[in-house]
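Take a look at the structures below.
After this come two complexes, each holding chain A, first together with chain B and then together with chain C.
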Partner chain A sequence: MLLSIDEGITGYRDDSLETVKQNRDDYEMPLKILSYKDLYGWTMDEIVAQIGRKNNCTFCGVFRRQALDRGAAMLNVKCIATGHNADDIAETVLMNVLRGDIARLKRCTAITTGSEGTIPRVKPLKYTYEKEIVMYAHYKKLVYFSTECVFAPNAYRGHARALLKDMEKIRPSCIMDIIYSGETMSIKEEVSLPTQRLCIRCNFVSSQEVCKACVLLEGLNKGLPKLGIGKSSKVKKLLDEYNTRQNNLETAVKDLEDCNITDKKTSKTCKNISNGFKQKECNATNCCTNKTERNVEKNNEKLQTVLDKYSLENNSQVKLDEEDSDDSEIKHQDEDDTCSSSCGRLGVGF
Partner chain B sequence: MKCKKCNSSSALIILRKKDLYCRECFLANVTHKFRSSIGKNKILGKADNVLICLSGKEGSTVLLDLINNALSLDNHKKLRITPIFLHLCENYETIKNVIEQCQKYNYDLYSPHISEYVQSKSHIPIVNSLPIVNNELIEEYNNMQNSMLPTVKDDFITNIKRTLYIRYAKLLNCKYIFTGETTTTLATKLLVNLAIGRGSQVQSDVGFLDSRDMEIKIIRPMKDISEEELKLYINSKNLKVNDKQTSKENEHTSLQTVISTFVSSLQENFPSTISTICKTADKIGLQDECDNERHNMCVICQSILKPDEKAISALDATSISKIVSLRKHTDSAIDVDMEKNVINSTIFPYIHNRLCYACSRNYAEIKQSKIPSYIIETQK
Partner chain C sequence: MAETLTVEVMFGGGAELLFNKVKRKEIALPPLKTFLPDSQNQNWTLKELLIWLKDNLLVEREELFLKDDSVRPGILVLINEEDWELHGQLNYELKENDKIMFISTLHGG
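Right after this comes the complex of A and B.
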């Protein structure tokens, strides 16, 4: 069975999917395509627009892993096979050393990965060089797609790749040697490795309380795209900060709404009263009157009920505004003070 | 311009592009790193003989100065060792500089020639003088060097030096050896080790302590000091470094130069690269350290030879690949095991028998093996 993931990268994935469909027809195997848009509500292009051109591999990789797991679960398979070749594994070993990721360093050279409760993955082409695969595809006249991902030039992996290519020119066996080193390496006992548990939100495997995919997604949805990038210990702190800001915002908005309600009332009276000269004054705070006009149009019914409910409070509100009114523009307008001051100042005050 | 530590206003030294230090705090910092790495690991006993290996380059120049300072303290903080200084002579230019360096502190220097490796035994050389060498030996040594490709040569020289240090340590009655490797050199070494297949030996080659030899231990007390700090130290104290480096080889002829260039350029853009690599190195350990059985050791690098594991590894994959490529098209069944033994003797000579994976690879690449015969004939 074939499984393909559509990350929503224009110019890369859409073209390669055509090739996959061709494979499905040639080999007569069923194909399932899952897309990031369906699973998470975001395409990679949209994500890159939020986060920029660096660090987007994190999003793509984390989402893809989960998407593969979901797809495999849907198809009810025993094992997932991927086409990682020797060059990929060697690059991964180098990258994990450069990034200091000990846990991944330990796992990345295994042929089968996976643990309790997850569908195992296997990399049957682990020992084949990329060059061998290209030659094989060439001689067997296989249909394939070979353009690299449009975001690849900015990826950190590019550095590891460049090093590997330079080393291969000098000593081609270094790729196998790196894989051998990775396999025979062992970690000191006292090093603490993360333990595996389940994400409290989506129930997939995770090493933290909330899995990375959920964290990244939350960050994107809340407009904090950097939430998942960087230390996982700081995620909670950032979220708390965000929530307090949201609360402050909400209380401020609430205040504004209360006053807006009074605005609607007074604007009505204002509109009724002010003609010509007076209207001009009122329109001095242009944006406000426009808003109130719109509000009036939309909330006429509501307005009626509100008027009834708030009649008393409105008077007191207006009095307060009169007292507080400092704007020189509206000072001399006593009758319209209620309107313009409450409209104008509240609009500005927030 | 205030010093970060003591808040005096004479901060002249900038580390990591943003931390300011005055000269005294900086020197104290470097000295502290040196002393704490020795003290933390509680290796040295009282008044032990320690062989200090000098190459004349930056690392060992600073090592020499640090040891001198540590010995000249009068109080309980004095470093309790008896240092014996050694320099392996590769060419006559550098040796004069190193003798001068040692004379500055009134230390004696032993300086045997590196071609001694060709013989299985050596004698204690005369102190403070140029080595008296046998021209035949030098020629044999040079032939050996020339039969190797640059990558193999670099790796082999590292092992030659190690073997000779241990040999002279035994002759001069030292139980410990100090070498002057720093964070930059160790980061490069880790990546080189990975690239040539020495992943299992990382802790010995790059860690603080190399205890592969039964009697002698090699210690790297400067492994936490960075190249930047070295240069500033040398400037602050006006030390003289051996400027004539070995002739600039063409870049990118050996893995070592490629990796070294890579690490320095990556460090420019990502300033935490080298420290991250060193931290990773600290977390990698040796396999089965507390094995009671005495395993065979590789005759070149003295690493433990582990017999074949149950799981397939890159070694098997390479063997199978070679078998399949050499087989004629018509053959059907493969007796993989039998063929493997034959094949292994050509691509992995003496593997797991006398040589570890990496040394075996190197051995296969050396033309007509010019390695001194006594090495391969050594039985454990």
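Right after this comes the complex of A and C.
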């Protein structure tokens, strides 16, 4: 069975989906395609428009992980096989070493991953060099898709990849050696590692109380693009700032409604509004009313669809008067603002 | 007197996008001395072919195909369906009707 995830990246994923469909026809296997738009209400293009060209991989990778899990659950399969090859694993090991990400380092070299209650994943091509795979595809005349993701050049992984390729030229066995090092690296006992549990919001596997995907989504919907990127202490700080701003807004808007609006006042209020999150109507004509109103509606809609779909409680409300009750529960997450190594290469697929 | 040397170049794995979507092309190479007067060699080698490609066929993003004197690491070169590493890589001397294929292995995210 084939499962493909459509992140909504024009010029990359839409083309690759055509190839996957051809694979489905050639090999006569059923295909299921899940899109970010349906699952989360955002396509990658929209996300990049909001957050800029850095840290895209974090969103894409985190969402894809979950999307694959959901898809597998829908299809009721026993195991998911991904196409990660030796080059990918070596790049991931390098990246994790460079970032000091011990937890990931341990997991990334495992050929099967999975815990209680989750569908295991396997990487059958873990020891196959990308070069071998390309040659094989060439000689066997297999159809595959071969373009780089448009956002990849800015990714952290790109640097690791460049280094790896240069090293491979000098000493081709380095790829295998790096994988071996990654597998055998051991950690001192005193170092604590996060345990795997379930996200309190969406019930998918997570190492924190609220899983990364939920945090990222919340950030997107609130117009806090940096939520979930960077140090975890910043998450709390950002949310606190956001809530103080909301409270200030509330008081300001209440004043507005009571008395006549002067230009000075509205422009002052509008400055306080971040990313178009206007809660009540601003009466001034020189205000960015139309734009922000639309944004609010759009975001509210999105939030609502996502929440409805997964029957989540609407506790991260985009309303003025309610405190976000979950803020205090978002704990430390150890993400840097670099590309998370969870991109799940879907370029070369058979 | 050297005449023109006919070789066929092919691009795959995404490399064709750098060459105006051309997947295969027959090219007639002029005598080496006319193209590169101060070259050390008498005959065309892959090294000079790369320079020729850069000047004549490569339309965009040079850094995605070439690096220094050679191809960017990650691009495979096949000479008559055989890995160029078996034939001395850049020093391989081109022969009439050779088929040189460049396949990019850099995909995905």
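Just so we're on the same page, the second predicted complex is superposed on the first by the 257 of 350 C-alpha atoms of A that agree within 3 Å, B and C clash if a C-alpha of one lies under 4 Å from a C-alpha of the other, contacts with A are read in each partner's own complex, and residues count from 1 in each chain.
One rule holds for everything that comes next: contacts are C-beta pairs under 8 Å (C-beta built on N, C-alpha and C of every residue); 3 or more make two chains touch, one makes a residue touch a chain.
If you're wondering where the values come from, they're calculated on a predicted model, not measured in any experiment.
Enquirer: Taking the superposition on A as described, I'd like to know which of chain B and chain C A:Cys57 touches: first, second, both or neither.
Expert: Second partner only.
Enquirer: For A:Asp14 in the superposed arrangement: first (chain B), second (chain C), both or neither?
Expert: It touches nothing on chain B or chain C.
Enquirer: Should A:Tyr127 be classified as contacting the first partner (chain B), the second (chain C), both, or neither?
Expert: Only chain B is touched by A:Tyr127; chain C is not.
Enquirer: Just to be sure I read the superposition right, which of the two partners does A:Glu257 touch: chain B = first, chain C = second, or both, or neither?
Expert: Touch status of A:Glu257: no partner.
Enquirer: Give one of first, second, both or neither to describe whether A:Asp166 is in contact with chain B, with chain C, with both, or with none.
Expert: Once the two structures are laid over each other on A, A:Asp166 reaches both partners.
Enquirer: If we overlay the two complexes on their shared chain A, which of chain B and chain C does A:Ala152 touch? Say first, second, both or neither.
Expert: After superposition on chain A, A:Ala152 lies in contact with chain C alone.
Enquirer: Between chain B and chain C, which residues of chain A are contacted by each of them?
Expert: Shared contact residues on chain A (touching chain B in one complex, chain C in the other): 162, 166, 169.
Enquirer: Could you please specify the touching residues of chain C with respect to chain A in the complex?
Expert: 12-14, 17, 72-74, 76, 78, 81, 83, 103-109
Enquirer: Hey, which residues of chain B end up touching chain A in the complex?
Expert: 149, 151, 190-191, 193-200, 202-203, 252-255, 258-259, 262, 266, 273, 276-277, 279-280, 282-287, 306, 312-315, 317-318, 321, 357-358, 361
Enquirer: In their shared complex, at which residues does chain A touch chain B?
Expert: Going through chain A, the ones touching chain B are 93-94, 97-100, 102, 105, 111, 127, 159, 162-163, 166-167, 169-171, 173-174, 176-189, 191.
Enquirer: Where on chain A is chain C touching in the complex?
Expert: Residue list for chain A touching chain C: 57, 60, 130-131, 133-135, 138-139, 145-149, 151-152, 155, 157, 161-162, 165-166, 168-169, 343, 345-348.
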